[in-house]
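So that you can tell them apart, the chains are marked A, B, C and D in the order they are listed, and the count of residues begins at 1 in each.
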Amino acid sequence: MSAPSGIYSKSYEDEIAIARTPIERLALIIGSILLLVFPLITPTYYSVVAIYIFIAIISSIGLNILTGFAGQVSLGHSALMAVGAYAAAVAARYAGLQFLPAIFIGGLAAACAGFVFGAPSLRIKGFYLAISTLLAHYIIFFIIHLPSVAPLLGVPHGFILPDVALGPFTISGTFRNLYFYYIALGLAVFSIITAHNLMRSRIGRAFVAIRDNENAAEVLGINVYRYKLLAFTISSFYAGLAGATYVYFVRVIIPGHFELRVTIEYIAIILLGGLGRIWGSILGSFIIIILSEGIRYITVTYLYVISPEVSAYVEAFKLVIYGAIIIVIILTEPYGVVALLRKVKQYFKLWPFRY
Amino acid sequence: MSGEYTLQVIDLNLSFGGVTAVQNLSFRVPSGQIYSIIGPNGAGKTSVLNCINGFYKPQRGRIIFNGREITDLSPHKRAQIGIARVFQGIEIYRSMSVIDNIMTGRHIKMNANPILCALFIGPAKHEEVRNRAIVEEIIDFLNLEKYRKFPAGALPIGIQKRVALGRALALEPELLLLDEPMSGMSIEEKEDMCRYIIDINEERGITIILVEHDMSVVKDLSHTVMVMDRGMKIAEGRPQEVFKDMRVVRAYVGESVA
Amino acid sequence: MATLDLITLTQILIAGALTGTLYAPLTLGFNIIYRSSRVVNFAQGELLLIGAYVAYTFTVLVASNLIIGLMLAIIATGLVGPLIERAVLRPLLARPVFAAILVTIGLGISLQGTSQLIWGVTPLAAPVSFPAEPIRIGPIILPSVSVYSALVSTILVSVLLLFYQKTKLGLSMRAAGEDQALAMALGVNVRTVIATAWTISAVSSTVAGVLLSGVFGFVSYYLLFVALRVYVAAIVGGLDSVGGAILGSILIGVGESIGGLLEPSVGPGFRDAFPLLLALIVMMIRPYGLLGTERIERI
Amino acid sequence: MKKVVALLVVVAILAIVAGVLVTQPLTTPAPRPAEKIYVGYAFCLTGPFAGPAEDGIKGIRDYIRIVNERGGVNGREIVLLIEDNEYKPETTIRIFTRWKEQYKLSAFVTCGTHVVAAIYQMVAEARIPYSDTSMAGPFADARKYPWYFPAPLGSYTDHYRAFLKWFKDKWAGPRAPRLAIVWETKAFAPLVKPGVESYAKDLGYEVMVEVVEIGSTSALEQMQRIKAYNADVVATMLPPAETALVLRTAREVGLKAEFVNFLYSIYWEPLVERLGPLAEGTYFGAPFVPWGYDVPGMKDLLEAHRRFHPDDRHTTQYVSGWISAMVLVEALRRAGDDLSGENVRRAWESITNFDTKGLTPPLGFTPMDHRSTTTIWIWKIEGGKFVRVAEVTLPRDDGYLGK
């Protein structure tokens, strides 16, 4: 069903390989080359947008693991990104850690926080759980703003992170964005592969089992609470990684990076892309960021030409369109763009014979 | 296998608020048997299974599995020591493929940690492949080859029930709880299911507790039948004997008659 | 800090409870949509904003009489609510709940833009201005807007309860609130129920918008910040209970007051944080909210 | 089939969006000939300060329009790039990166103190003078932030300091005056409060501090504490809605004290109108005149307004935009033909005693100090009008630079 006829796997190892058909392999190679060459042949602005997309992919993969796979709704994702970002920033500033160890520390710190965020999931379910994570979000921000903590973290006007250093190489100056593109790409690929592996292993299956039916999962010997906590922890690791990478990119860490609307945006990304699919996170990040960036660009470029007096109205118009497109996509395909693409794939697989 | 009885239920009492679901119930399931529980709707059959599984905490009573007291054990621990369950409703994972559904049943037999899983190297990968072979064997046993990669939710009900059975088998349990495995099936599907149940019991030596409404099935399959009514045991014995008992017939008045 | 005497404490608690009634209509609006269709409406804040702007339009620009203007505003939003539902949420009936959530997010963004397109970004006059002089009961000072909002909330809830108890539609709504599938099987027209829920929600959001803008004296974008508490209030009270919405709102108000009282000793921002801690504790003890009913899962 | 059609529509929309995005800069060659001057305004046209910003951008645009009509700066036309930064740092970063590539920016202007915090480093690396509508003290320290020029309207801290100095000078009470600072911890106030607080203590004030967070609906406890404290002055550092809340609650608890408010929350006619009696008698410090104030510099402004927006709202924020555009144009004029960021910055720092014909006190910058002026006018709201009650000149004291 998933592979065209004529594709045989000689062993189970073959079957679980990532690219199985020649077409898939070709696509993988061409895609990799395109991604590697992209920043070299386009203006830096596109690399910057791409970096945002990569970071969104990392973070939304985390949210998708929690919400899409394990079925636990969270409104605390941006707070976890903040925890990761602040942990990395503190590690870099006070312990002098380099980029990779620092963002790793960020991921771990967020994972620990996520473990705590998930604690209520033993008793609280569904939207109630979402609100408990929302409360956790605000409590984290309250702590960050406490007079005894705030100066240490440079809250609220932020402190500057050191340049990204990889071993003896320091990345700064003119080509900073270019190098950072590759770093973010690498981290995004790392996240995609690890998440893909996790989700096809016993852990991913346990998550889906919990999402679909907790009782059935229990009788299969899955410790539901433990796996929910694990889902929170793993999800938060990606959130922390994304948060840390993000602040390294923008150089300054301020609480304003991680407001609630960021969480909402990530929820939109995974819902739009497709819940419970790693591809959903990738496509969703791509669409949401291109959309918000593109609509801004088009409205500003073309509407200001018509009349320079319309400033605030252009912005309002932009919001209306952005919201409307999200609505239209979901009304067209409630299961997200991934489901839509699968239908198209099926359609063309059978083409020109329809039955 | 320790002892003669795989499961002993002693003086079980369960109530919700003021409503009594199970009352002073004791029974023993001999090892290697198919033990059926029958009774009219609301007799408390499923509640008993839920107590054995650990979903309901009885107010009083003990449950002993293989000589070990499990009354206070959580459901997933009970699964880990060898109690599997197929639910009355179809509770397979609809979005997963048939293979993944049954692979999920192998959960307790696998133990790679998250980091190994994320990197998909070494033990994690070997484990996946090894268990996959066992799953293929179960698929083979239940004749599910055709549907291996279909999302389970898209399959006919009869096949879905078979997948659920396969998933339970993947646990390699000692005790299998089947809650109305035949409901909603055609005659042919029922016949198939009966054969699988007998094979599971005889070839794999798995003790089975069967809750079923179809009396002909119960008669044909069971070694022992227990009859419940309003939370109490009203009869127990070999199928032929039990069905002669007048109380049983009375319990079924107005219900599907044996 | 001045010594905490009984009068101050009473004052704080009463004022807090009254502030809570400011949130109550909005929480109610959120709650009703959830009850009728299990949709978590992330556009509730935007409904509030639109409601306040519409009220401004009718009271300041269209009608010279305040009461007539407010009536017109309520009618207008009461029509807009179900229209929104019809346009974007109806097609998702019986589709995944998550899709509905995303649609409400998109709806919120669009409504925000629409409000800006129509009413601009300059603060507009509040539809109703409350007297700046407080109402005094002995030594206790109560902001007039809080007192009026308590009054309005009481009326709103009474009317709603009457509607629930006495009308057939109300009965259907209660039935649908308990169990949608069952209600459908019993011949309840779920579409009508959901449309009615959106009407009620839009109207009570408008009422909330009028009251809340009265606190500041003008209508603008900031009303969205206020709306965030609603989710917490709804959860504390219990999502499936009308009484819970009111109780939750009041508790959040009282929590804010107590937090404000303790702020000098705990730290800045405790006024906002304390209700959340309170909510977390409530959820730990009663995971389905104070007045919510726990659903026993059938296995 | 319907699905597929709908899908195609969506794909088409996305393709157009992506297509325009990709092709646009390629069709317009990136390095443009230098006959035009490009200045980028990433402004908060949505968000909590959208109202003032919208008026401010009109003032800026009208001034630049007039300059262009009169032949531009040194014969070059100024091109204003305006986009909405949504009051968010990340949006600003994307806008800046794009402009930087598409145009040779001579200056970059944003809106929002937290935006400055997040983006300063990036703009400084691009070596482009960076200005802003905000005037937070710490960034005015040119030793630390050499590329940043706060709005040429004093600094927030100085606005409050000038008032405190003036109030202290006329204080005749038997005890030290008591100051209550009401701030929020999430937006701009944390950058203002420490400087004001330490200055007040230096002046001999007794100080207490209260917090009213953004989004509050009640400030009863705080105002009661302030009343119990017997404060003589209340300094609010809050956005408009919270300022309104505080004024109202103060009235309700019967708090009798002088209020000195944040200029962006009060120095704007629509807000004063909305607040009505609540705003009466409150103060604020601002080194620029309101709309229609009778000074020579107002003539051009009124004229421009008459021509470009005959029916439009006339506000103080328009004036502030106009003034900041004046300073910008002056810097560009002094930069001459070399419009590189370095040179524009040098030119900007060479401005001394810039005369705005009464719109502001004389403005000036030095390489060490980017505060435009430390002469602050104290304004009082009387009868819904802004009345100038005093002029206070603070010493350009290094000790307070960056606070």
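One rule holds for everything that comes next: a residue touches a chain if its C-beta (ideal position, glycine included) is under 8 Å from a C-beta of that chain, and two chains touch if they have at least 3 such contacts.
These figures come from a predicted structure and were not determined experimentally.
Any chain touching chain B that also touches chain C appears here: A. The innermost chain, defined by the distance from its C-alpha mean to the mean of all protein C-alpha atoms, is A. When chain centres are defined as mean Cα coordinates, B lies farthest from chain A.
Distance between chain centres (mean CA atoms), chain B to chain D: 71 Å. The distance from the centre of chain C to the centre of chain D, each centre being the mean of the chain's C-alpha atoms, comes to 35 Å. In this assembly, the C-alpha centroid of chain A lies 40 Å from the C-alpha centroid of chain B. Computed centre separation for the pair chain A/chain C is 32 angstrom, with centres defined by C-alpha atoms.
For chain A, the set of residues touching two or more other chains reads 145, 215, 312, 315-316, 318-319, 325. Contacts with at least two other chains are made by residues 55, 87 of chain B.
For chain C, the set of residues that touch two or more other chains comprises 116, 120-121, 228, 268-269, 272, 299. If you check the complex, the residues on chain A that touch chain D are 42-46, 48-49, 52, 145, 150, 155-158, 160, 173, 176-177, 250-252, 254-257, 287, 290-291, 293-298, 300-301, 304, 308, 311-312, 314-316, 318-319, 325, 328-329, 332-333, 340, 343-344, 347. Those residues of chain C whose C-beta lies close enough to touch chain D in the complex are 1-2, 8, 11-12, 15-16, 19, 22-23, 116, 120-126, 129, 132-134, 141, 143-144, 146, 212, 215-218, 220-222, 225-226, 228, 253, 256-257, 260-261, 263-264, 268-269, 271-272. Every residue of chain D that touches chain A in the complex is listed here, in rising order: 3-4, 6-7, 10, 13-14, 17-18, 20-22, 24-25, 30, 43, 45-46, 50, 54, 57, 61, 82-84, 86, 88-91, 93-94, 97-98, 100-102, 113-114, 117-122, 125, 136, 138, 185-187, 190-191.
Looking at the complex, you find that chain B touches chain A at residues 53-55, 74-80, 83-85, 87, 91-96, 100, 103-108, 110, 112, 114, 117-120, 124-125, 127-129, 132-133, 149-150, 167-168, 171.
In the complex of the two chains, the chain C residues touching chain A come out as 34, 40, 42, 88, 91-92, 95-96, 98-99, 101-103, 105-117, 120-121, 228, 231-232, 235, 239, 267-270, 272-273, 276-277, 279-280, 283-284, 287-289, 297, 299.
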